[in-house]
Amino acid sequence: MAIIIDDKTQVLVQGITGKQGQFHTMQMKAYGTKIVGGTSPGKGGTTVDGIPVYDTVREACENHKIDASVIFTPAFFAKEAALEALEAGIKVVVIITEHIPVHDEMEIMAYGKRYGATIIGPNTFGIVSSGQCKIVIPPNPYFIPGSVGVVARSGTLTYEIVGNLTAQGIGQTTVVGMGGDRIVGLSFVDVLKLFEEDPETKVVVLIGEIGGDAEERAAEYIKIMTKPVVAYIAGKSAPPGKRMGHAGAIIERGKGTFEGKVKALSEAGAKVAELPFEVPVMVKETLKS
Amino acid sequence: MAIIIDDKTQVLVQGITGKQGQFHTMQMKAYGTKIVGGTSPGKGGTTVDGIPVYDTVREACENHKIDASVIFTPAFFAKEAALEALEAGIKVVVIITEHIPVHDEMEIMAYGKRYGATIIGPNTFGIVSSGQCKIVIPPNPYFIPGSVGVVARSGTLTYEIVGNLTAQGIGQTTVVGMGGDRIVGLSFVDVLKLFEEDPETKVVVLIGEIGGDAEERAAEYIKIMTKPVVAYIAGKSAPPGKRMGHAGAIIERGKGTFEGKVKALSEAGAKVAELPFEVPVMVKETLKS
Amino acid sequence: MKLYEYMGKELFAQFQIPVPQGKVITTAQEAEQVALNLGGPCVLKSQVLSGKRGKAGGIVFADTPQEAKEGAEKLLGQRLGDYTIDMLLVEEKISIEKELYLAITIDSGSRQPILIASTQGGMDIEEVPEEDIIKEPIDVLIGLKSFLAKDIVRRMGFPLLSPIGKELVNIISNMYNLFLSKDAELVEINPLAVCGKKLVAADAKITIDDEALFRQQDLPRVEENTEAEQAARELGLAFVELDGDIAVMANGAGITMGTLDTLAYYGGKPANFLDAGGGTGVEATAKALELLLSRNPKAIVINIFGGITRCDDVARAFATVKANREIPVPVVIRLVGTNQEEGRAILQEAGIEAYDFMQDAIKKAVELAHSS
Amino acid sequence: MKLYEYMGKELFAQFQIPVPQGKVITTAQEAEQVALNLGGPCVLKSQVLSGKRGKAGGIVFADTPQEAKEGAEKLLGQRLGDYTIDMLLVEEKISIEKELYLAITIDSGSRQPILIASTQGGMDIEEVPEEDIIKEPIDVLIGLKSFLAKDIVRRMGFPLLSPIGKELVNIISNMYNLFLSKDAELVEINPLAVCGKKLVAADAKITIDDEALFRQQDLPRVEENTEAEQAARELGLAFVELDGDIAVMANGAGITMGTLDTLAYYGGKPANFLDAGGGTGVEATAKALELLLSRNPKAIVINIFGGITRCDDVARAFATVKANREIPVPVVIRLVGTNQEEGRAILQEAGIEAYDFMQDAIKKAVELAHSS
């Protein structure tokens, strides 16, 4: 079992003929992801790594049952690409594109809701249901099947932590990258709920960061969760008023502080690691108990 | 039983302080309609015929459970009023306003669909569940409870026919005015389906007119209906290319002709009256058999 | 409101939809001058609102300015169907390789705009086989985004990166912008001509929603109604001239149609459609009566089922008119509904008996008209 | 991108939001002239991007042009927090009866714009009791229609037909139009001053989404970053200056923060936040290294978990820099992930041993910095 995607998920790559699109298509295929098609307006009829390319998402959907789409288009065109996927009826849309204008992101989310679709990202590494399906960019070797659900805002920090879990033989059900922007499709609560319902997931790792109140909201839900949660919050040493790479990672007007998040999570019953490499240790302990 | 509205329906009047709003509020109240409030921006706190007036629909909804709203606002403001009702969560919106721009009507319908609401009109006389609830303008005396469902595009023609039914002692479950514009919220098929499911309704009267293909679509559904349908189509003598009052009542490019509609309905098994006053006769026969 | 072709093409140009070079003229001299400026073969197109101008002889080709002048002399002032030709659009003659069809209109069924496209342009779209027509409803909460335009172009069979493919995507998007921002009911390009690597809108059919004209102040106004129809519209009445001799007034579009149908059933010929609407007051009703009288019918039938309309108002209007002028034709009135008794009392005083049933009143009117 | 108050007020005026009369100036002479033109008491407001200018002495009142001149002389060139005052907004002094608060910003929780309103304006909204604040998320597929503006004004307690009520409805609608059409992250009016029957935006705080600047060519540009931060941004890197002495580079915002946190945990002080991003090539990485070196740190720690980023690229970048210039401080590198072996081989050739675990590398860097 896994959440959102699994070994039956058929994936479309929007923007498959670009450099990034081609590279990650091959990587995803190597991981075992069922990539059934790609789009690139005007390149319909060609193939990339044996995968058929279509002019439009609708054309792809005429030829395949598509469960999820991943968007590699440039920022100024991402809203259009997301709408195209939603309008064609695709129910999981992964947007890795960064630097999308926030007003476009709000529109994408409003349409996502209207179409009843799950939107992952923007500015995300994607989602991996370990051993079954990887959508987008995490490096293949670090994701093995197991019983830990991981949800994070940030990419490389997730690889760091998941890599350490894997190194210690602790596999994952699904690893979800929500994305680093202020407006993203999934919240921690959305994903925690899915993990809570997933029978295979035994422990959940939450990788948060300063800024916003997503972790505080997560804490409210963790209070009523039956499954244990191990958390790490990045940005303890960040000064207020400075945006730390991600659009959301900023302490403004005293809100979104490290201390506030740690307090909320601890009080909700989550174990909070002080440093990234402590997470696997805590997970191991939790799995044992 | 009845469709869409009944004796429990609580009604809001948007634009209650205007001349039309006041007059019809009193008429509806006299018929027994449960009018619980009205709106008129800036006149919140006053009353009309003992009915509390609110500044906004939201304010009215804070004070009452509202099932249906009727809109009396001028054409250029009708879209705004409809959106206000929809946004506040009202699930039946009756728009009597005529001369609304067709692009506004298309927007209203798109939002209505998004909010899962039933929109009656625009440019309609409204809806009456005889003896239970009357929303808007039909004259009170002609609607008595019974077992005939009536659905029509046009107002006075409906009163003419329903008045004749009532004169002969034949009552109605619900009389629905879809509205005379090209874009209206309900189709004949929508209403026929509701009558088909309504246990009280024994016969359905369909009052159509030239133009469009709503009657042809209705015929498709009538084929599979179990209940008998008596139809009358107005406009037999109308020349092509001339709009007969209603925005939709025009024969263009040979489409929407009287002959085509009568043929479709007859072939589907409906009894088609040649003149309005034949309808009650046919209904009576149908009820007997 | 239908726009003339040249107005439609002005809007096309404004919305980056390519049109032939040309100019609208009203004299043969101007035609010659425009042809001279165009510097090559040209076409003279009669600016009237009916379709099928070509078959009716309203389109003439000219190879030289002299021919253009002669052609214009021939066309200007001529009748074309119901219209007199008083304007010509003089345009460069384009060499058409293929004719496409594009239109956006309003679809009552889906309650949305609908885009209609075909590679079989040039003829009436009704004559194109269903399988050669692409129909795409537009979700107004999304609009016609370029991804949808691209998908339509794909389905039309044009490579998306070809010059024609790219231009088609633009034209489709621009058409929707025009449709939306000008409150159009119809925007039709037929044919959209393929000329080498370019596309040119060889014709333009645009209809604007009458109800939205209040917010379309920038658009020109085109009056298609007869004088009487225009007068009625200014009174807020829906009036259509017909070719019979019995004037009809009723309240409500449906019942007015029903009245005409019943009249025809009894062998009468209606002179008009006049929906006096609901809730019209004494004054407007009186003016509506004057309008009917001005058309010299053989009889007048008034069919009122009073709802919002009050019977006493209608009766009072009739009494007012009768007091002020002679009414030289028989008037038959059916009057039931709100304030029926007061209305009938007023009519009785004016010497008229009201009927209870519309069929009786109409039958009587036909008899009176035939015997006059 | 934060806009100066005067820029915000220019936008307000453009969107029909009433603002006081005034002008931005850069010299005391101009201040005197503007005060003269205003013809009454005025206020001099320092144009800096920090809040709390009043408390910090950045706002001065003047009754006469002479006082305005003197006030401007005093303010111009002064420091206010992190900023030097080099512009003043000279405005008419308005007599405020009541201060309201209005803002539209972005709500991550609901993924929508949110309107915040309060009748307790003038102070930081964070200090206003929750029960005195109205929060209304805006559905972007509808927008902020006038019915919603009216409902907010009702909840604020103003009669809808009063002059203030009507004006508030307009201001709220206009704010949303500004927010939407200028790709704003924040539009704040605090205070919105009630002056008799009028409303005046006494202050203006507008932040524009940096990612949308490409389509906001009409807006002025305000540069808030330090030179180094600006240089990094031009390289496509996220760089923030901090006040420690150990330079940090990692790939990814989260892991960079995690690196800083680990550094702090071991007693080190980071000189910067530098997210080299994912998939950056040799050249950009080399430039990032140059940037770190230019800040004269005591040590550099590089923490790479290669995903899209290829370890050999990072190593090659390091080798390139080292070949071209002296690196006077110790560099500690953690390098794992894609093409790890090639990367390590390159580093070894350049005389550097890579670490496997970030904590070990960071610990070492702190030791080296402390012992230097």
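Per-chain residue numbering starts at 1, and chain names A, B, C and D are given in the order in which the chains are listed.
By our rule, a contact is a pair of C-beta atoms (placed from the backbone, for glycine too) under 8 Å apart; a residue touches a chain by one contact, two chains touch by 3 or more.
Note that the structure is a prediction, hence the values are computed from the model and not measured.
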* Touching both chain C and chain D: give me those chains, sorted by label. => A, B
* Approximately how many whole Å separate the CA-defined centres of chain A and chain D? -> 27
* To do: Please report how many Å separate the Cα centroid of chain B from that of chain D, as a whole number.
  => 55
* To do: Quick one: which residues in chain C touch 2 or more of the other chains?
  => 139, 141
* Structure fact -> Listed in rising order, chain A residues that touch 2 or more other chains are 111, 114
* Asked: Is the way these chains touch best called a line, a ring, a star, complete, or other?
  -> ring
* Asked: What are the touching chain pairs in this one?
  -> A-C, A-D, B-C, B-D
* Asked: Which of the residues in chain B come into contact with chain C in the complex?
  -> 20, 75-76, 99-107, 109-111, 114, 125, 137-139, 152-160, 163, 180, 182-185, 187, 207, 209-210, 212-214, 217, 232, 234-239, 242-249, 253-254, 274-277
* Structure fact -> The answer for chain D against chain A in the complex is residues 106, 108-109, 111-113, 124, 126, 139-141, 180, 183, 185, 209, 211-212, 214-215, 238, 240, 242, 250-258, 260-265, 270, 273, 275, 278-279, 305-308, 336-338, 357-359
* In the complex, go through chain B and note every residue touching chain D. => 41-44, 55-59, 80-81, 83-84, 87, 111, 114
* Asked: Can you name the residues of chain C that touch chain A in the complex?
  -> 139, 141-142, 145-148, 150-151, 154, 159-161, 165
